[in-house]
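Let me begin by handing over the structure; questions about it come next.
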Amino acid sequence: MTICAFPLAIPGAPSGGKPDQLHDHARRLFPICRSITGEGIRQTLSYIGEYIDNFHIHHIGSGTQVFDWQVPLEWNVRTARICRTNGEVVIDFAQSNLHLVQYSTPMRARVSRDVLQEHLYSLPDQPDLIPYRTSYYNESWGFCVSEHQRAALTDAEYDIEIDTDLRPGVLSYGEVRIPGKQADEVLFSVHCCHPSLANDNLSSIAIAIELVRALQAGPARRLSYRFVFIPGTIGAITWLAINRNTVDRIRHGLVLSCLGDEAPPTYKQSRQGDAPVDRYAAYLLSRWPGAQIVPFEPYGYDERQYCSPGFNLPVGCLMRSRNGTFAQYHTSADNLDFITPAALAGSYRMIANMIAMMEADTTLTSLNPFCEPQLGRRGLYKVIGGTNTTEAEPGHAIDQMTLLWVLNLADGTHSLLDIADRSGKPFGAVMAATHALSKAGLVRANAD
Amino acid sequence: MTICAFPLAIPGAPSGGKPDQLHDHARRLFPICRSITGEGIRQTLSYIGEYIDNFHIHHIGSGTQVFDWQVPLEWNVRTARICRTNGEVVIDFAQSNLHLVQYSTPMRARVSRDVLQEHLYSLPDQPDLIPYRTSYYNESWGFCVSEHQRAALTDAEYDIEIDTDLRPGVLSYGEVRIPGKQADEVLFSVHCCHPSLANDNLSSIAIAIELVRALQAGPARRLSYRFVFIPGTIGAITWLAINRNTVDRIRHGLVLSCLGDEAPPTYKQSRQGDAPVDRYAAYLLSRWPGAQIVPFEPYGYDERQYCSPGFNLPVGCLMRSRNGTFAQYHTSADNLDFITPAALAGSYRMIANMIAMMEADTTLTSLNPFCEPQLGRRGLYKVIGGTNTTEAEPGHAIDQMTLLWVLNLADGTHSLLDIADRSGKPFGAVMAATHALSKAGLVRANAD
Amino acid sequence: MTICAFPLAIPGAPSGGKPDQLHDHARRLFPICRSITGEGIRQTLSYIGEYIDNFHIHHIGSGTQVFDWQVPLEWNVRTARICRTNGEVVIDFAQSNLHLVQYSTPMRARVSRDVLQEHLYSLPDQPDLIPYRTSYYNESWGFCVSEHQRAALTDAEYDIEIDTDLRPGVLSYGEVRIPGKQADEVLFSVHCCHPSLANDNLSSIAIAIELVRALQAGPARRLSYRFVFIPGTIGAITWLAINRNTVDRIRHGLVLSCLGDEAPPTYKQSRQGDAPVDRYAAYLLSRWPGAQIVPFEPYGYDERQYCSPGFNLPVGCLMRSRNGTFAQYHTSADNLDFITPAALAGSYRMIANMIAMMEADTTLTSLNPFCEPQLGRRGLYKVIGGTNTTEAEPGHAIDQMTLLWVLNLADGTHSLLDIADRSGKPFGAVMAATHALSKAGLVRANAD
């Protein structure tokens, strides 16, 4: 049986993330034909803006130079179909927006079967599925069809109708910042350029919407949180170009992708490999049977850009099934049945716990560093000595041993996670002990 | 069969440590009712002072502030017993000084069986044994009894007589320093606050007495040695408060505890984990089958204080059975039968070897660092070349390969232990090669 | 079946190294009686000088102080034999130059069987073989014989005739430098002081001759290459004494020895253990089944001198069978049958590949460090997006993923080998990707 819910709760994690609510977002966004530019992504951003406050949608003109790239022409589709010469429609974009290779140029022509075949993409090993393909930077046209559909195209000639626009316009992305006590930021990056693919990446859009809502509705946080909803690659590059001088405030970052299927989670490390975000993920995923940590590689999602050598930001990527490794990936089988309310909620909870760790983690400075303080007169220590235990006595909720560990490692260099790792105590127990010792005036959190 | 004697000898280890002598100290100190203050610990210190020179006994007044703590009231016991209302004595401190919870307040009253039961401590799983309990910092009274004794207390009422003093006085500890050529010190810390418990810690008191005698009688040493005989926790805190400004001369330190039972040794690492003392212990214990190294944790003996973050001294803890892990721990079964002369002597020898390593270890500087020196003309190399060996020829006591290793690593950064570790040669062989090369004017010990 | 040829080719490796040519050098040099001084080594150097340009032969007078040593007297042999008293020659240097212990002093005397026996060296476990022995620094005489020969010496007396010279002369060594664009050097050190022993070390002399020829005939290199042909120990010490102030230009070094037998290669690490040369060897040998890496120890060949603490040069030692571990080592069985043309050529190729790595390795600096550059418009990226692969499409010879790795790690700190190690991509693929990206103006090699 697959575990969908995260089996651990870190105090202070944002609440929210109802299973049905998450799946409902995906369901409503599913029919839209998104691409890296155009009406589809703008409709999607508008939908997001209905649920969250202070959502800013930015439009960047085609041709704008962003580092080594230029913002491309805007692409929109009215219709696209393959018809028999008798007018019968055999492949229709209206049936599935995956049918048209993204950024196909407009055309209207009768072509031979041989020419048509060269412009078709199908999956011989998965004959029922339509693949998803793009041609953003190479002017071309093509149709994605199932292997069965391809086999049925036996006429000598077909009429191609691709009624698309490819002309100067804008690239659009959305952004929201939830300010905290500190300017240091946590970045969540969500690509929203794919058409009707549910796991990749409506799952993450849905989760991000609900995380923003929970953070906006919840108590003030120590860190600031920024969510960007962007087209993949060119969107991340554009955002980084515009925000180049302020990205150094990003303390932790996560690219969210494919978070709705029921597989155990996969965390792909940042290029740094040992950044705090990598360690939080390792801590949490080590409690989830079957979860896997994979090392950074410069291929995948927008961590490629955030982790390019000039930036080298502490940004990892969180998924359930890893991109490229599941049968439904980039096909018509990545549909609303493939993602489940329970899996979406489990992913939400995992991220919420990671946020709780980011909020709580800090180094500590002991205000009583020479010898142990006398915990007994502060009500923090067992009364009868000589016993062979540090377990809490009745009425002492705080684990005695964890108190001693926190005091011992409160030297300004060990973080709460360091203390949890060295002591083997749960992070939540370290938080509780820190809280009690802080109240007693024995330690000071350096992050506050 | 249990090995009691240390199976290795490092040249230069202090001699002494006769098995019967060690056990005899424990036997003579056993009856005394020690506590963290009072006549018992003073009698114990007086006994120690009879055997060693320059022993200083310090008395610190009750109420003196020592870091976060205050020196407590002094506690002394005249009598303590539970009597039937007809005057029959059923539990008597005179029978076992474990019967009275340490620091029990004076009282004289008739109490109901129910009230009495709330003031009794026993061990349901070990019904024959009396536990050892304390209540130093919580004014209270209580008796420790065997489970059988508890069961026999069936009368409706009992008369309690606790004739103790709890009043301003002093905390006493003893200290001896054996000066060496250098001011850098090795600290041995021995708690001597427990009543009639043989392994914990008369074993260590006995061993420490004999180590001091051997060091005082033996040749001058490079390092200085300090032994402190202190009440646990408050004694270590008091000593650290008084010596706060000079503890930085402590190069290596060991807390000695539970050194008389026949289990293989346990070494608990310092907080640093890789201090030289940790490495000496690892080297020696790796030669003792069944010995174990356990990582630091902020619970146990006075290493808790020496390793508090403000001090972070290189102080480990050496034991046979680890505290809290053996059935006799803190019970009446920790008696003179539990500790054996052979085990005491084995522990003594292990510490003596560690002292020899502390004395000998140093980095070396080659006085001929460019290419190998010509060992042959110094009588340090085999005569006939071309053979496939570096074994010493008859008449060459020094292992050839060890000579070459010492020369090669005499670069001012490798210690003798580093050389032993990298070469796989015994520490004693590295010492011998160093001595020969030093005599030949080829290397210089940087510690001298 | 033993693999003799190196199963990998790094682009840019020197060509040459024909199997028969290599074996022919060994065959022609085999009969010469070499020692650390004398006519034999001078004949050998003359032979080498016939094949390579700019070869310099140096002669250093006996008695010259070189660090802790003095250049010894020069030793030459005319005849040496053991005769029966009737004049019958039973052991004759003319039959095998191994028969005479090297540096045997001249003598002519009739000796008893007992005295003779004390001056004989044989191998009880290998009764057919003559051992190789020396007595450079201890005036003495002796014969090396097979165990059978020793057993046959049953007469009461024998006549010894040793017609040798041991008188002031010179120590000779040869040296060639192939200058590159940079003054930084790669040092190859080849001992050539052994008499008729084929693997130890005619194998390496033959390989070194051909490597020099290939480097002199081939294209200009980035690094400079220096080959020294020296007597073992005293020759390396002499060379280091003379070149003391310029050895800091040695970037990588290899002692070559025993490179002609058919065992898989052995690489002995430099004292540093993680020098680039150690990592090149590890990379290459990890591709050769059965190859072994052994840690540095201060015994073996002239790496002992190069890695003495005053120098600590990055010099490892490359062998097939390791010295002292094979039955033929330092015996008459180390003959021309023991080394094979194929094995010599395999060793040659391994070193040639290591040279290619030394030449190519460099850190890279990205000229487009912020986000990925747009590879597509430079013809370096696949055209159709959405597929689940980074494999090169037809016409794209460069592995896509390797391109991305090189770009991502072109941060001025990662070398090509670091990139190969982290990415798991072959070093040759990393070289090709670097070349393509360099041509496209996207990265700059810092070593150029």
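Some observations on this one:
Read from first to last, the chains carry the letters A, B and C; within each, the first residue is number 1.
The rule we apply is simple: a contact is a pair of C-beta atoms (placed from the backbone, for glycine too) under 8 Å apart; a residue touches a chain by one contact, two chains touch by 3 or more.
Computed from a predicted structure; not experimentally measured.
Chain contacts here are complete: no pair of chains fails to touch. Comparing the contact residues of chain B and chain C by number shows a mostly separate set, under half of all numbers used being common to the two copies.
Rounded to a multiple of 5, the C-alpha superposition of chain A onto chain C involves a rotation of 120 degrees.
Centre-to-centre separation of chain B and chain C, using mean CA positions: 55 Å. Among the residues of chain C, none is in touch with two or more other chains.
Contact residues of chain A toward chain B in the complex are 366, 368-374, 376-377, 383-390, 401, 404-405, 407-411, 423. Of all residues in chain A, only 66-69, 101-102, 121, 131-138, 140, 233, 236-237, 240-241, 244, 271, 297-299, 304-305, 307-312, 323-324, 329-330 touch chain C in the complex they form.
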